[in-house]
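Each of the next two complexes has chain A plus one other chain: chain B in the first, chain C in the second.
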Partner chain A sequence: MIDQLVQSKLVLLGEMGSGKTSLVQRFVRGQYYENQESTIGASFFTKAIPEKHVKFEIWDTAGQERYHSLAPMYYRGAAAAIVVYDVTHPASFDRAKKWVLELRQNVQNPNLIIALVGNKVDLAEDGARQVPEADARTYAAETGLLFFEASAKTNVNVAELFDEVADRLPRAAAPQQPAGGIQLSEQPTPVPAKSSCC
Partner chain B sequence: MEHDGDGEPPSQQQTTPPAIEATVEPVSTELQACELGRSGSTSSMSSDHAEGDGSGGGTASLFADQDEGEPAAGSQQQHAEAPAPQQLATLRSAQRAVAAAASHQLDDEAEPDVLTSNPKHVFVFSTAGKPIYSYCGDESRLAGLMATAEAILSVAHSKGHTLKHIRAGPHVFAFLERPPLCMVGVSAFNEPPAVLRMQLVLVHGQIVSLLTATALSAMFARNSGYDARKLLGGSDGMLSALVDSFTTVPATLLGAYPSLPMLGGVRQALATALAAAVKATSAVHGLVVAGGQVAMLCAAPGAGPMQQWDVLLLLNLLGANQSFRHSGEAMTPVCLPRYNSAANLHAYIHYVDASSETAIVLLCGGMPDFPALSAARQQMQQQLEAVGALQAVQRAAQDTALRLGGREFDATSSSGRNGALLAVLNLPPAAGGGAFGATPLLHLVYKLNSRQQYVMSPFSQPLLAGGMQQLLMVAYSQLRASMFDSSSAGSGPLQRLRFEARPQFVLLGAVSADTELYLAFDPLTDKEEAARVCSRLGTWLGCRHDQLFGV
Partner chain C sequence: MAGGGWQHLAVTAKELAGATSTKAKAVTQTLGNAVKEVRQLVLDDPLVGGADAQHVEGPREPSNELQEPAQVVDTYGFTLTITPEQAAILDRCRAKQEAVRSKWVEQAQEAGLPPTDALKKLCRKGVPPDMRRQVWLALSGAAHRRQKLPPHYYADAALQGASSQFAHQIDLDVPRTFPNNEWVQSEAGQSAVRHVLLAFAHHNPHVGYCQSMNYLAAMLLLAVGRDEEEDAFWLLTSLIDDKDDGILYRDMYARDLTGTHVEMRCLRELVEHKLPRLAAHMDALGCDMSILATDWFLCLFCTSLPAETAARVWDALLNEGTKVLFRVALALLKLHEPLLLAQDNPGELLRATRRVAAVAFDRDALMQVAFEGVGSMPMERINTYRARKQREVDREMAERETRVNLRQAVARDGFVLQGGDTDLLQREAAAQEGGAVAEGGGAGCSPRAGNGRWVAQLQALGGKAKDSLDRGRMKIKHRRGQSLGVVPLHPSQLSGSP
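Let's turn to the complex of A and B:
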């Protein structure tokens, strides 16, 4: 039986070097590269989770400041956003808070799911942790975010993160998300339900 | 084929490096002027003034379509008279300062051997003197060196000069000022200063391609002490790959981009499919690249052809960033300085095959329509795979792979590339083809001026030995610079044919109205044999332009 998969646009945001690409590579391909190069611009991936009837269209954005102005192009029309910070790098947590604020201000979709992810917890065991889990968890609870501490390297909480996001996708609203596109108009107009077979 | 008759001896023993410098007429005049009051210093110096009015035309003939000297030098040209003695004295003291600073640098700084450890060095700083990029070492620890360079430039400025290069012992320091940035290139390879400056133009272009010239100026206009490294974060690798390429491929010294040699029908199929994709997506330019070479380039009607310097920057962007290869599809803003230095284009990049680095690239202005780009690319890919064209491109690329980002270039793996159209092994024996030992020919580079493209044979033994490729590239650049002497003032090459015997190889350069052919032979080859091979090879290559070059 072929499942009807709902296409959902998902965007990853966060400071340069926080591990966005590593998280995506782990989730999409099950791979981890030790010295992942900086992403240039943004990369596009798709990954289906058939048991959740979801096909994620993932935009992995570059963290460098010079690409900041392009971010709206990628988060506009998104069903979910994953904001990543590095638990060993406090500045990246501050940057993550700014991303959350920007998303709240600029995205009109009231059902936008935002997940806050503290990456590189494998390093936390060595005492390199700089962002206490409690602080981040409190912040996430106050602002209504999903929260995970994850490690792309040791594959901790990566699948759980995307599963949880998939579960939260509003069933009714999801088909309204345009298929993997960049909205050309300022205000996304709902397109007729569009779904495809896997 | 005959040697040109303008009195230049056809053979020239080229063992002492300074001979190159001596052939450049205006510079040597300046050297004599410097000589008059010199006190034991071995350095020499030349400025805009000294190179005089002829230099513009001269460099223009060497790099037929560069904007060399356009913004910075233009305003200085009215000072046409020779520098006054006191100005020379100032320049000499500045030059002593750099020599002193260079040696001081060695004592003071934490990274003592930045100039001596590597024969080539490039660094970039803002006009306010803030370090931005350094090829060797950590740029923030080279503040002293950059401040010295800044001081030397301002001494020259205060006298109404624009400093182009300084010779200090074995090192040539080339300067390029493109406010708000200054680029300095240091080379101990004895590369021609004009070539060094062209390399700096490309380094500047790569920085502009990341930020746009408008954004750069705006940034520094707001705050002249701005630390541009914040915005360039993560792009050091790209700049270093570009600098590496200067001595591994002849693109910069020829002013041409590498074309992928392929059999004729394949290119036709690529052209049709690419033109359709460009049309469907309202893209400005479309490219199929493979193995660091351009298989096909297509411009939208009215957009004008993409300039070779822009193509080189784009190739470096692709070659130096592994991340494109790992992702399915990618989008990135990129500014092509020659096309429009004020705005970004959006590049849609899809790697068809990561191992041969075969990719389809579509460049659009305005808001990109990702689904349309993706769909057009898929259709194009299906169409090309159905006729086997993409597979042919991948095979050709695997045979010849020469990447512009030379840092990852693995010379040892190229020994197995026997299928390449231009491998010396595969050339007809009459035109110098054959195995090493059976033919004197070692390597060839062929440029077609009208299309701004070049092709070269993959490296084979004995050029695979460490450092030989670098040596060869520098030798080609010196050979070419001697042929396009700056005193010839824009009227084409000074010599049509030049033969140089060096310890490692014999070089022959042949320049015609539309082509340039540079050959390396084994060191025992005599003039007659080299000329014979060159003549036959020239004819053979001349009949195959459609296979060697894209439109």
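Let's turn to the complex of A and C:
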């Protein structure tokens, strides 16, 4: 039987230049560009992780503050959000906290998965780190977020990040369900009257 | 394969010889290098493909699999991946361009412009690349702007811009501007783009720097001359001006991009009239117009279309104004409507739209549809839309600001919302989940119904919180008066204990 993939909408948010697009490029294509084009509006990517029965539909957004008013359109209906900051840039960490707050307040989905990602950890080794890992980890734990320090450039923790998000998706835990997972309409799936077992 | 590749590389070399002989020489050298490059499948091009993009649809048929794409470098130094069929299109457009060029030369009068009665038509047919500098400066009013200010204005502004609050953002984006263009990536190119942006940020601090202006500055430099920073600067100031005398609609690039939201909603209205099936399809998918067209309007198509096609849009835009953007957007959507109707989610719709735009090499065809194929579009109608949409957007932005202020106050002062008050924010969040563009998206958001609670909250909050709330409330009042039923509170009502 063909594996059914559950489509999951995922959005990337975070300060400009924090490396959102680079993380996606690394995950989706296994590539890294030193000078990744700045994103205007948003971009869309898809990537399946067949062994986890998930197909991510990824919205990568523009980071500059003034594009903020466009963001709800992209996080609306998301199953997961990856909030990115740059470990060498403290202001980007503050901005990340604001994004988390906004997601908590505005996304109705109680199962929304939020991952906080400190990107550019490759630069931390050169002494450029400005956001201590412990601070971010504590904040993430207190706030109920997944947390990773990652590097799109040196490919650290990128696959792990998306794998972990995939593992936490509620529907990914039930891959045996043959519904195809592409039930986007409001119509309830017909359930046999005596479906409940156990 | 090699033969075909060489052949159209030669064709393109001829096309490239358009501008100046020195440029052509440099370009021929670059082409030599390009030939040595491995041919790369289009699906690897970051501009056009998604991860699982299987092929690239051209403006007509999907390319023949036997025809292998090759990489070439265009007039502006962009690396293109084109099929032989697309090479043939470029060749045809190039021949047409030569014919149009002779008309420009024949008719050129003062400031290099043809007489007024011929100007519109000729701009729509395209300004010859080697005449763009002079023509654009004259058409846009940039030359006039420069004359009104002291001769050292640009140099001073570029210098002072370095200490602007936007300098950091500009520095972040300059290296990320057109990574596939060798000159823009060079030290000279980056320095020129940076200077133009810093000068603009100083010149117009209300707008400062908005992501997308990096592409505009680079494209202007590529089109008018790589050493012509000052020209590029004045052209940018002619396009973007917050005092309603810029070519583009006001506040498109300003804080919150309100002008862009307005333009997106106008485009949405036009699509509904001109392409009703597509509008209905987008509605069914929950795909807002701004998903497809934000970058079109902010980058003026220079990141979406091939460079020479984008330059053709600018030729008409600088002469006729913003309605050209609406026309080109409608033309792109119309030309590819069947493909777009076949997409079944907003992401794929965006991806399909970007794919077809990236290979819109047939600039003559696109411009023809834009000006002859989308019907009439009087500026009066656009202005009527704009007035209405501006009110909508202003109202939503004001509501959003008030809500943000309320939340901040709640967070900062530890105020606990109770009972019915709690669900005010929740209801708004719910409305916005199903809503449109800006936070608070409009749909379902009912300030009138919520008003009683706002007042109750304001009274209940008191203390430090009331200042920020006050600011938000006053703003609403200022922008929309009493029409939404915002009750002005007496100060005594606010000073009550929490």
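The rule is short, and it goes like this: the second predicted complex is superposed on the first by the 170 of 198 C-alpha atoms of A that agree within 3 Å, B and C clash if a C-alpha of one lies under 4 Å from a C-alpha of the other, contacts with A are read in each partner's own complex, and residues count from 1 in each chain.
Rule of thumb we're sticking to: contacts are C-beta pairs under 8 Å (C-beta built on N, C-alpha and C of every residue); 3 or more make two chains touch, one makes a residue touch a chain.
Small disclaimer: the values here were computed from a predicted structure and weren't measured.
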First (chain B), second (chain C), both or neither touched by A:A159: neither
Touching partner for A:K47 - first (chain B), second (chain C), both, neither: second
Touched partner set for A:D60, first chain B, second chain C, both or neither: first
Chain B versus chain C, judged by how many residues of chain A each one touches: C
First (chain B), second (chain C), both or neither touched by A:P72: second
Which superposed partner A:Q108 touches (first chain B, second chain C, both, neither): second
Chain B/chain C common contact set on chain A: 16, 25, 33, 36-46, 62, 64, 66-67, 70, 73, 184
Footprint of chain A on chain B - complex, ascending: 210-211, 230-235, 237, 317, 321-324, 326-333, 347, 367-371, 374
Parts of chain A lying in touch with chain C, wherever the complex brings them together: 16-17, 25, 28-29, 33, 35-48, 57, 59, 62-64, 66-73, 76-77, 101, 105-108, 184
For the chain C and chain A complex, residues of the former touching the latter: 46, 50-52, 169, 172-173, 175-179, 185, 210-212, 214-215, 253-257, 261, 288, 290-291, 294-295, 298-299, 303, 345-348, 350-351, 397, 400, 407, 411, 425, 429-430, 432-439, 441
Residues on chain A engaged by chain B in the complex (per definition of touch): 16, 21, 25, 33, 36-46, 60, 62, 64-67, 70, 73, 179-182, 184
